[in-house]
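In the two assemblies presented below, chain A is common to both, partnered first by chain B and then by chain C.
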Partner chain A sequence: MTDFPLSLLGVALWAYLAGAAGALVFQRFEKLANGFGFGMAAAGGLCGLVSCGAALASGMPVASRSIELFPALIPLVRFAIRADALGCFFGLIVSLLAVPLSVYSLGYARSYFGRRNVGVLAALFNLLLLSITLVFLADHVFFFLIAWELMALSASILVCFEHEQDESRGGAVLFFVMSHIGTAALILGFLLLFQASGSYAFTDFHALGAKLSASRRGGVFLLFLFGFGIKAGLVPLHIWLPAAHPVAPSNVSALMSGVLIKTGVYGLIRVCFDFLGAPPQWWGVAVLGLGTVSAVLGVLFALMEHDLKRLLAYHSIENIGIILIGLGAALMLLHSSHPMLASLALIAGLYHTLNHACFKALLFLGAGAVLHATHTRNMEEMGGLAKRMQWTSAFFLLGAAAISALPPLNGFVSEWFTYQSLLQGFGSTPSLIRLMFPLSGAMLALTSALAAACFVKAFGITFLAQPRSAHAREAREASLTMLLGQGLLVAVCVVLGLFPGILLKLLDPLTHQLIGERLSQRLSLAGGLVLSSGAAQGGTVSTLGIVLMLVALLAVPIVLWALFARGARTRIAPTWDCGLRGLTPHMQYTATGFSKPLRMIFKALFRPRREVQREYDLSPYFATTLRFESHVEEVFQTRVYRPLKWLVLRFSRRSRALQAGSIQAYLIYIFLTLLALLLFAL
Partner chain B sequence: MNPDPLAILLQTLLLLLLAPLVSGIIKNWKAKLQNRRGPRPWQVYLDLAKFLRKDMVISEHASWIFSFAPYVLFTSALLAGLMVPTLATPAPLSLFGGALALIGLLALGRFFLALGGLDPASAFGGMGSSRDMTLSAIAEPALMLAIFTVAITAGSTDLSQICRSTQSATWRLLNPAHVLAFAAMFVVLLAETGRIPVDNPATHLELTMVHEAMLLEYSGRFLALMEWGASIKQLVLMTLLANVFVPVGLAVSEAGPGALALSLLAYLAKLLALAAAVVLVETTNAKLRLFRVPDLLSAAFVLATLALLSTFLFQ
Partner chain C sequence: MSASATAPIGSQILTLMAALMLVLQLFIIAQRRLLTNIRLFAIQSLLLAGIAAVVAFHHAANHVYLVAGLTLVGKVVLLPWLLTRLVYRIQIHQEIEPLLNAPSSMLIGGGLTLLGYVVARPFTSMERLGNNTLAIALALVLTGFFLTINRRKALTQVLALLTVENGVMLAAVALTTYGMPLVVELGIFFDVLVAVMVLAILVYRIRENFASMDTSKLNQLKG
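Moving on, here comes the complex of A and B:
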């Protein structure tokens, strides 16, 4: 590594490795392990941030070479990395999160002191960061797969860090199994690519699609869509995500939802745009369709949750859907040879990838702080935390507004680009399939409105009104490092929202590499403060302008106060209780109650069941005891995965007969296999 | 193309002053149609002035969100109004956002309104928030699709650009795409402004209320901001319907005072026609049960889809 920005990337990788090793070595001294492990992770993130940022900002004029990290000791495997624009952008995301997450972890891991091995937590955290970074940079099939497996392993161990709970172990196993089913598909896909290129280097896979027959290209695409779709949490392959993300320690949940699932997005972009290229129409249609379905179903399932972290995990599915809407539109537009529009759609998807990483990490950190203070993930036992945890609640509110795509924050900017690309995509082809663009736009509108409803619930029930339990009543503000970690992410969200010109410039080399267009000049007016849709008079938006105007319009109420309300006083008094003896926390709306209208409207999907048992003495209107139970069905769990699991178990029970334990039988198997292979070879 | 401070100031004043009047006229006409005398059309101004002067009671359970929400609701509705052309194109703040920003700003206001409803720990507020967020979410796809239909024809999401393109020579009053999209938007207008058959603006302390339930704990000058903000939002949506679909009389910004006065007359006439339509719907219909409202809104979605399909058939 000779050139400056990339050599710093090497430093980042070594820092993660040193952090992992050091944390393990110092595991007996938990304070030292904590400080050293997460300190090195933060330092590595900082190095990665500077190097990837500088590389992207330089415009990456030359095609980057691949570099051997260390000599190959195993045949066929080369430990080569290549920091091209795509890799650098995703490297930027992981580094950008590494810093605030590590700072937060410094405080968060303290709650494990004396109870659990913090050294192991820090070491695995570093390993996860290392492996994710390597996944984005690897330039060789086997190296990629090694990093991919290291990532799955370290993540699944982290998921069951609190292994006494059945939930954690179950989540980890499910993640592990699903992840490996996906890896199997990836290996098959890579082998098919190898057959055509005769090499395992990613560099040699570039534009390989032209050499493959149409059916084989389709097969490769489907294999990768399945493999990477599992990691991304695409519906219906999402089943592991709500099981694994919430049970992990919150800093790890943030890393998983923020970056780990983005490795699936990275893989899809790498395969579709770099390896295969020239997509047929059905790829775009498939990705756009799956993205739309994931977005809507993800948010609908999120609405039914009252476990704060599970709710956030379902929102990751929704946001992956939104990202894939951008990617799918880009593929469709590339097919109809509109490179400019395809770049716009790709930018929308990538912008949302980064945005989601930031606000989802922020929300998970907020949820972690709440969990830390109240010892529960159940929203029905929270409430009133806005008064007790002022900073955390303000940070969470900002994250909630960003994920609900409210102007002027970053979620709004990326969804604005998505809408623009869908709108302009409608004119790109005369065929009937173009109806997909506006319909997907309408579903995106439904998704963001439902997301807003969901976050009104999440924020309102958790942080507002009266505390619903003793734990919530005694909640205290999180420690300084935990707040600092959240504050850094808040700053990133605000900057990405108000100054989108910065990121557009960094995305230039990426769209240039993949599609051959540089759009930042066309998309930003007035030095990046006003965004344009790229078309002449196609529409503009300025988030900074919106903020300034909102502040300026505050003049109206101020003038009104001065004119009319001079003598008016403000009194603090109890909420009107309709003549009862005071309001109790039980009278407030609950999370379950809040989502009831939607549960009824979409009852075909949720199949809600409820059970009410009531005991009374005189009249049924004056119950002495009341038991209420309400369930919704996770359709994919009950309709797809349960029958599938049952089939697999039945098959394995049957095939147990083969494994009788007698050597003679095994010898016959070997003989028959050999015979079959010989016949096959003939 | 840069924002003109004078235009911003004038349009802000227009929105501020006209919004309560439109609400007042609707109330008055509705009463007339029901054989009541009804409040005078300018009663709403007097109400607002009274609210502004009154003392305020804030719930002891409420946090800073409760006091923050009225400002957000009011300013976001006002800012959304500055992106819609009222008398002349372009609108004063076309540069800062178009149809998508307008939808976003209304969502921002609604988000804080719903939080403000939850904050004082009363059961009514939570009920209102839950229902309002649900109904607006169901209304959103129809709204977006209707906007997409006109935006596709105009090739722009900029509302001034959309108005200008519908204003051009090829504009027909009965263009099927526009008629269908208008119908869809009209249903959305009823839902978003809390009109019968979706919500009843005349009820307080009834278990059917949606919008009023969230305002229940607000009093004094915050209530004034909330009420005023809601009426501005109503005016903005009505202006959207009036000027995007029937751009008759809309002047260009360079026009002299004479053209602007003419444009003002046309604008008022269109608003009154829309208000009459709202009054008619409100008096001839009963309020729907909450779980029947999605049927109405999905009908709006179907109308918007048909509108989109017909852009393709009749272009």
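Moving on, here comes the complex of A and C:
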């Protein structure tokens, strides 16, 4: 019986592998490759979902076995996986997304029929799912790194799936380069850990921090923060994210934003809580600070975007920031020995990880459907889609409400937990550093408000009012499978929002493993329908109660209407147009116009530049042509990365002189090295 | 004849032959005619085979006889024959044109030999037979390496590489207890043979394409 969830997990891995192989074999027959590839991915996701869910629900023991998938042919490498609570939880996230994304892809990939090799798309999609799952489960350094690199490779190939566009290739290359720099840091970190443990098994890394000197521990932490921070899209290491996510096929963007960047979060939790243990204060401060900065900057950059998918990519940075606020608070609270509060903060971060995976995937799928219908990512060319794509717009609206943390949806629950842990954290320590908590809380509040503003813009400009282009006018509703995929994710968002008790129970083994606390009993009252912050002075909230209250309040206007307005005359007339001859799309609020107040408030950050050219014949009030340009500076690209790139290129050009192309010169290099080594040995 | 009685004689023979190998190496550095160079290399290899035979006899290690035999067949007969044939086939200019002139080459060779002796000094106690064979082996490797840099023509570079290989072999025979494992030695022989054949073909091609064997002209290949 104990082997049941694990063996099913093995089935999931084989299903992904079979899906990848099958899709490649059948690539000549597009429909078969599409059906088989994404079908197997969905089946694998279902198996993974059931097995991880069952394992977590059974309240698994802390010490879980490590099993070898297949015997290693190479020395030093063991292909071992271990499904502990942390791995299972992240496995649950990837499996939970695999099902709706695969269903969606069945319809989405049809638009590639006859143009592209759908078999390759399905195969790489399966490979990406497989490698991400293995990253979460790997129990051996080299196996982890192999899975990690496989993930980066398959993802970067998927990013440039539409490879004839410069943008796609550029995004893929940037992702590839950043990912490799991160991996280099990870390898160094693992080697330092190996020095202390003498083994490459993750099991032996547990609580290794006690054996390291303080400075070395700090070095290991920084290396991992850098390496995993790149993958998570932490500011200022985030630049690959808005470049790579938008250009990938939308189902892949959803997978990348939903799960791939979470591998960084997973790695940080694994290293900070499992490997190193007992964090010094500055770790928590660093993570909390970086998280706060990422959240605020992420949403500010998102506000300036008119590209629907880039906007969503920037929101991923914001949400990673919110997750890290939870993690950082947990680290700080763990340092001041408040394990219960630390567990609360960790739960907030983990809950938000799952929530973000769900609603961000949902939003990317919605954006994919819109892209599919209008053939553009530019919001200024959309509009009026709510009438043409009713289901998609409804789903997108729900996703937007969830990401803006509006009750009763899931985003609200996790942000509520984050606020609770920050508020209670203020009382956890007498030192001045406690000011971090309310500061971060205030920034989080700002972030939430800006996120709501951003999604008012995204939804309003994209779906409401009149179509701004011919493409938008001719948009059609997405196919049934695409809608089904989005619908499934909406259902998950609603369930996670209304019944948070379910997930809290599943998180119990995780906090028990990492911190040694089980909190679900304290956090959920009334059978999980009411949430409590677990402390006497903290608050309680019930999302289900809010819904019931809303339904009850709905009765008020109906009653008022019945009492006073029944029988009043209703007149149906066109919208007031100030006496002009009808409204045209040109009169509508644009995305640029909507975000202008914020652009002005944060002028120091955006450095907006605009250019207006006006040509007129008689009077400047009657222009014949008008050209308007508006730019926002991408601070990190221009201020950090461009000088860095310039330096690297200059160094490379200089060092090219070494490669003279003459055999004698090369021989001299070798000879001089040999002599130097000999003299060094003396 | 017991082993203890032969020890000083064997040791002396070994030292003599190793020293002759070094002298031949210095000859090769100063020499300017290609065919003479090949012959000098053949004699050096013959001495190596002799050393291997003495070691084999002394330690009654039969597989080292095999090494001696292979050296004799491969490096004394086969490779010089191959190289000589190549020289006639491509009708090459007989004069070697080194980058540095003979006196300065000799000076550098002498310096490298000195370095070899200095580096090998801590290990002399590990030698079983002969004095300073390891130092000579190191000197052979270093001067051979210098030769590959100093020569322009691909063919002479091949020859220099072979003297490096002789040095490595000398170190193996002189220092390790029973030579290297037989498999490794066979592998090295095979490697050298194949390398020379490949290089011979390469030399022929370079000659065809550039109408010269001067590898310093290969930098025209750079983009």
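Some observations on this one:
Here is the rule we go by: the second predicted complex is superposed on the first by the 662 of 682 C-alpha atoms of A that agree within 3 Å, B and C clash if a C-alpha of one lies under 4 Å from a C-alpha of the other, contacts with A are read in each partner's own complex, and residues count from 1 in each chain.
Just so we're on the same page, contacts are C-beta pairs under 8 Å (C-beta built on N, C-alpha and C of every residue); 3 or more make two chains touch, one makes a residue touch a chain.
If you're wondering where the values come from, they're calculated on a predicted model, not measured in any experiment.
Partner contacting the larger number of chain A residues, of chain B and chain C: B. Applying the stated contact rule after C-alpha superposition, one finds that A:Leu583 touches chain B and leaves chain C untouched. By the touch criterion stated above, A:Phe622 is placed in contact with neither chain B nor chain C. Judged by the touch definition given at the top, the superposed model places A:Phe70 against neither chain B nor chain C. Within the superposed three-chain model, A:Leu667 lies in touch with chain C and out of touch with chain B [touch as defined at top]. Contacts of A:Leu678 after superposition on the shared chain: chain C is touched, whereas chain B is not. Touching of chain A by both chain B and chain C, each in its own complex, is seen for no residue at all.
Chain A meets chain B in the complex at residues 384, 386-387, 393, 397, 401, 404-407, 412, 416, 419-420, 423, 426-427, 435, 438-439, 441-446, 448-450, 452-453, 455-457, 459-461, 463-466, 530, 533, 535, 537-542, 545-546, 549-550, 553-554, 556-557, 560-561, 563-565, 567-577, 583, 585, 587-589, 593-598, 600-601. Those residues of chain B lying in contact with chain A across their complex are 3, 12, 16, 49, 52-65, 70-72, 74-76, 78-79, 82, 93-101, 103-105, 107-108, 110-111, 114-115, 118-123, 125-127, 129-131, 133-145, 148-149, 151-152, 155-158, 161, 216-217, 220-221, 224-225, 290-291, 294, 301, 304-305, 308-309, 312.
Of all residues in chain A, those touching chain C in their complex are 659-664, 667-668, 670-671, 674-675, 678, 681-682.
Remark: chain C residues 99, 115, 118-119, 142, 145-146, 148-149, 152, 157, 215-216, 218-222 touch chain A in the complex.
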